[in-house]
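First the structure, then my questions, so here it is.
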Amino acid sequence: MRPHDAVSPSSSLASRYRDVRRTTSALAAPLGPEDCTVQSMPDVSPTKWHLAHTTWFFETFVLARALPNREPYDARYGLLFNSYYEALGERTPRAQRGFLSRPTLKEIVAYREAIDEEMHDVLTRGVDADVATVLELGLNHEQQHQELILTDIQHVLAQNPLRPRYTPAPRIVQPVQTKGECPPLAWHHEPEGLRSIGHHGHSFSFDNETPRHRLFVPAFSIASRLVTCGEYLDFIEDGGYTRPELWLSDGWATRHREGWEEPLYWEKQKEDGTYLTFSLHGMMPIDRHAPVAHVSLYEAYAYASWAGARLPTEAEWEITSERCSIGSGHFVGSGLLVPRPLDAGAQEKGPHQMFGDVWEWTGSAYAPYPGFRPLAGALGEYNGKFMCNQMVLRGGSCFSPADHLRRTYRNFFPPGARWQMTGIRLARDLT
Amino acid sequence: MRPHDAVSPSSSLASRYRDVRRTTSALAAPLGPEDCTVQSMPDVSPTKWHLAHTTWFFETFVLARALPNREPYDARYGLLFNSYYEALGERTPRAQRGFLSRPTLKEIVAYREAIDEEMHDVLTRGVDADVATVLELGLNHEQQHQELILTDIQHVLAQNPLRPRYTPAPRIVQPVQTKGECPPLAWHHEPEGLRSIGHHGHSFSFDNETPRHRLFVPAFSIASRLVTCGEYLDFIEDGGYTRPELWLSDGWATRHREGWEEPLYWEKQKEDGTYLTFSLHGMMPIDRHAPVAHVSLYEAYAYASWAGARLPTEAEWEITSERCSIGSGHFVGSGLLVPRPLDAGAQEKGPHQMFGDVWEWTGSAYAPYPGFRPLAGALGEYNGKFMCNQMVLRGGSCFSPADHLRRTYRNFFPPGARWQMTGIRLARDLT
Amino acid sequence: MRPHDAVSPSSSLASRYRDVRRTTSALAAPLGPEDCTVQSMPDVSPTKWHLAHTTWFFETFVLARALPNREPYDARYGLLFNSYYEALGERTPRAQRGFLSRPTLKEIVAYREAIDEEMHDVLTRGVDADVATVLELGLNHEQQHQELILTDIQHVLAQNPLRPRYTPAPRIVQPVQTKGECPPLAWHHEPEGLRSIGHHGHSFSFDNETPRHRLFVPAFSIASRLVTCGEYLDFIEDGGYTRPELWLSDGWATRHREGWEEPLYWEKQKEDGTYLTFSLHGMMPIDRHAPVAHVSLYEAYAYASWAGARLPTEAEWEITSERCSIGSGHFVGSGLLVPRPLDAGAQEKGPHQMFGDVWEWTGSAYAPYPGFRPLAGALGEYNGKFMCNQMVLRGGSCFSPADHLRRTYRNFFPPGARWQMTGIRLARDLT
Amino acid sequence: MRPHDAVSPSSSLASRYRDVRRTTSALAAPLGPEDCTVQSMPDVSPTKWHLAHTTWFFETFVLARALPNREPYDARYGLLFNSYYEALGERTPRAQRGFLSRPTLKEIVAYREAIDEEMHDVLTRGVDADVATVLELGLNHEQQHQELILTDIQHVLAQNPLRPRYTPAPRIVQPVQTKGECPPLAWHHEPEGLRSIGHHGHSFSFDNETPRHRLFVPAFSIASRLVTCGEYLDFIEDGGYTRPELWLSDGWATRHREGWEEPLYWEKQKEDGTYLTFSLHGMMPIDRHAPVAHVSLYEAYAYASWAGARLPTEAEWEITSERCSIGSGHFVGSGLLVPRPLDAGAQEKGPHQMFGDVWEWTGSAYAPYPGFRPLAGALGEYNGKFMCNQMVLRGGSCFSPADHLRRTYRNFFPPGARWQMTGIRLARDLT
């Protein structure tokens, strides 16, 4: 995250704050107290915890700075709602967040409202550059948790044999039969060259996107669109999950240990061998033309090997992304909450679907950029300490807020993670 | 469970049914939807699950028999609320009961009310002997779950760093300083002889209490009262948790693997080395004169070795219990919800505290009585299939309903279980 | 173990010592240094370790008593070769015995010889009653390890895809086709009565066999012979491993967790569906008339349920055993090293095969007899501390030395253990 | 691995083959059959297995190609001695290599001799380019296992409470007091630029070192020498293992789960707080001037953070290495078998110790080079499928054969691995 040079106009900050916070509340609105309490695996956090943690973040990093003598809302909340900041003391182990029936949802909503009121006062009075910087980080942090609220509740609801839905499907999703075939996969070419990637300038970014730096990128081809469920089904039917030569060694071991035979949430129907999948709208048939989602890096790698291709590096992805507008992407604002097939009439060459729909696994391990410096203090733990055993994903998903994404945005997850809205774009050497 | 010979008077059955069901609801009343959803370990079930499972039991074993063509309330509820009846099909794995945010608490309360209404109709119309028999079992089953609701929610709330309480302590508990010392431990003697234990006659019992049978019991002494917290503290301070010669081999391994250094829920205070303990009324100082609770069989065995004694067999316990009235016991009806010190003025010889306060570990492995026959059908899974790797406990606890206990009642848990309200009575050979 | 009243004639003690020790060496003779080093699971010990541990036992419990100022052979051997005596200090964790490449087999053989020489001197000089008592225990202890050497090496060799054999099969085993059918199963009846079991008198027994005590035994029937492989195959083919109603709850969970579908060492042949089994003579076809072996208590229980019977209690077994001579049993001395079919001409009523062939699972949990007192000092850990979570087995096996067994002998293993030479005898209530 | 253009002169090939094979045998010579059998953890293989696996490699990849109709030496050996080639069928799980007492060491030596004889015949008759290529790979493969034999036996012997040594220390190691201080750490600078790394040309390399490719490298500084034990001790004494801010998140979790408080093999002496370490010469005092070894990537990262530096990337390392001769390195040929302090008189600027002593952790995740193509067939599994969750190490160690290393050589291990001879070199941004 880069500092701002000047005090942000306070009215705009206050209204942005209000908007982001309201959006979060709206995402939790369809859920009852029971839904908001459950943690279905260690990686998942209860909705209640997301609502409280983001609030604790503003209280700890903004209010405590802006109002030095302020008493905490509840001195014990750090123990409950600190996520992973070692510098801020002891905290509830991640895997035990689902044991916290108290504070209740109602109490957490009251906590949110109390902090929002204090924040409103602080922001309308105006804040200095330091506080504004942290506020900006806090808003982006909350947007990350907006995506996690959706991602995690999908996993929670999927464990329930009743397969309850988060919301009814909007009309546009219900007729899952697409009007036409999505365009065939084509390849976009980029020549070799000394290029630059990473964030620069005064606008906000996370620290892990900086510094902007040069690197030499050999010529490459990148796919015009995402891999579809239909294509992935071909991979399955061609024995993709039974051919070790397609897989990374760790992937093959994981696939066996976990018993993977298809993407997460897919369920093969005994009667006819077709697949249903669980989404936030409940069980739905697979849409052959929609991008495949909920695959791990291991499955993405195996699919790419099978297809005679590979995954793009994050540099290749970022360079290519300059040919797309972020605004063209399909984000959470559509209300669809599932990836959308590429329009049958889309121009063949693309590249399309770079933003939104699904996070795209890259072949790049998550590592510091040359010259990377983490933020000072506890916020230095935001990104840097995770730079090992994780892979970079790019482009956002249909669960991401549109105004949260950047071309330089680096998401990261371990290669075996599948509960995120993750998919596949192919690339190739060009030689 | 033994069959009734005749149709029970229906009005009495209906009113007993109503009373038991209301008691269950009252126990859940202090808890919100979040509290009722959490499962803090595989052995613990969420309150919501207890409320629904007991209802499903009546629906499955009573209504389905009494009304053969009846449609189930919700055909999917068996999958959710069957506990362990293999004969009744697939079910949610035990460790995943805490993943079920739906049905909500409100929906489960509605389910209870709907089944209660149907049950009322059936019971007031009158039922045949078979149905009355199963109804009686269902009521006793529900009483077992009443105790589990309290036991389990204590564990759930204990995981929360806020240590929230289930209810405020009644005034009588708050001044934990007892008015006087509890009487010194004395020994009650029984001569050797051919004795009989087990249930007989027409009144209700579980199948595992039958048949009544003869067995030869050597002369023995049994302690006049339960082991107190103060006595257990002496054991701790004498190095009880660091002396392998006092422990069973499996107990010593468990104590190390789990890091036990005191009973469950005890917390040593860094400042002064005293102990607090977590109860349904929140954190409280240890009462030296109250019976020690939340110890495993392993700890009970080590304590007894240290004290130069042993645990009683279940036959010794049952024989001795004939000298006590069940009504003298301290059960859930008192509202104390913690074990109570023996009155300072109690007659020394006793035996006292045989019923209520804490379940008493015996040295007897849970096994079928000679001639034991499980019930027919799915209900045959109620008790018999657990007769391995468990130890018998006797006498009920301050969480048990008074009218649920019998002298012949056999409770059973694995030797490492500590979250139950379990304590220690000593015995000795008399030779 | 009960003390001797007087000094044993030293020449006889010395010669018994020599015989037992030589037998152990002979059992290890077919094995090379590599075979003697491997530990295939935590329950199994390497042959080298058995050879050294039994020697350490004599050094620690006999030589150190008989020769108070004696220096240990190697002061570090306690750390390596103490099994489970907490009173004797730290030791190598059980699961890491297979990490000890040193001392080498040759060095351990030298250790045995050195201690044997010292023992010879001590024994020929004569020992007092105390030492004689411990010597007797040491010899019986070594005989237990003789059986374990065979049991454990069978497991070690079975892990090797080459399935190497310990010794070639003696001619009598090779034609596995029995000459005739073994006699049909018949039932032997015993009336109810006040009986006595347990060891008394001056001859040797382990402490867990004492004291002899009275108990009331209801009338029962017990099977005339062991369950055969053919009968067990019928159980398998009738879906025995897929019917939860036949199994204990823990057994059903274990069967699934471990993937059991047949006894340990049985391998179903893909070609024709027949079974081979791994023995100390390598892979052999199943002999339908031989007693089934290498089943857990859980499988024994399920088989008995399927057969409309149950397992005998240890009292029932011991009472019945008075009708058999131990000498009629089939022990290690035959050299067969596999259980032997009952002779086709055997008298129908039996009981037969009570001693030798396979250890017989009883339905009795391993518990102290009334009035049980463990030995004083470290040897008190020999038996008593294991009296939890284990089941009693009776009668010895084709791996046991004939002169090691007694009617009162109590062997014990956890209910899931299968690598021991364990089998099934049925019993029934007689009412 | 790149193909040779022409048939290698057969006499030279035969003599290289003989030399490499003899070196392997010499490394196993101090070990007895028991030592050669033990597997102390899944990552470690028994010496016997290394001896057989390398032989199986020549039999499978060279003899089977050179002599198409040849019968295998033992058709079952693939099942035992295939390491991880999925394309070559089933194999013994890695964690069970220590269960293989047979074939014996003697039988495996005979297997080696038989294959060596066949290989000699084939090589002296001359081989075509394809076979020569695979032969070269096989020789390099065997050299990798030479290093593993030493690395693994150190771990095996370290588990033994007797801490036996592999060989006595050569005289030069015994006086561990270095003659003088090693030179202070200095920094070597490299300017930014478009550079090339990776292997090219006709000489042998592994496939993962190719293709040589351009990349842009920013200016950097790199340390003149390795981090010493003395410097690492300062880190420990400054609380390095208790300060989460220095560690990667996964590293901190691992350090706690595994209880790390110092490098592997270091043992703090209770008496005086000094450290001994276990080497192939047994327990030895720490040499403050020798390079620290047996640290994980996590510890290397934490040390670098503490020192205000970072680990070099593999490109930085390779570029710097051009300023060193490989021949200057300290490899297995010295017979020291422990890392050696830098000579007190060494020129300050360095860089020194780039080759040999310890493998140097880089900050680069192990990934394919741009344009990487694995070998065809089963040998394509040699490197490529491991390109996930591992970090690159460079430079070889005192266990590596000198003629095995290259500047472009990429070793790789998971970040938590410590049993390898791994150490630390620091780097810094230069801006």
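Chains: A, B, C and D, in written order; residue numbering restarts at 1 for each.
Here is the rule we go by: a residue touches a chain if its C-beta (ideal position, glycine included) is under 8 Å from a C-beta of that chain, and two chains touch if they have at least 3 such contacts.
Quick caveat: nothing in here was measured; it's all calculated off a predicted structure.
A.B. asks: State which chains count as neighbours of chain B and simultaneously of chain C.
C.D. replies: Chains touching both chain B and chain C: none.
A.B. asks: Based only on mean CA positions, could you tell me how far chain C sits from chain D in angstrom?
C.D. replies: 47
A.B. asks: Approximately how many whole Å separate the CA-defined centres of chain A and chain C?
C.D. replies: The mean C-alpha positions of chain A and chain C differ by 59 Å.
A.B. asks: If you average the Cα atoms of chain A and of chain D to get two centres, how far apart are those centres in Å?
C.D. replies: Centre separation, chain A to chain D: 38 Å.
A.B. asks: So how do the chains connect up here, line, ring, star, complete, or something else (other)?
C.D. replies: Chain contacts: single closed ring, each chain with exactly two partners.
A.B. asks: Quick one: in the complex, what on chain D touches chain C?
C.D. replies: Touch residues, chain D against chain C: 32-38, 40, 48, 76, 79-80, 92, 96, 98-105, 156-157, 159-162, 164.
A.B. asks: Once bound in the complex, which stretches of chain B touch chain C?
C.D. replies: 84, 86-87, 194, 213-216, 218, 244-245, 247-252, 297-298, 301, 310, 363-365, 367-368, 370-371, 380-381, 385-389, 391, 415, 429, 431
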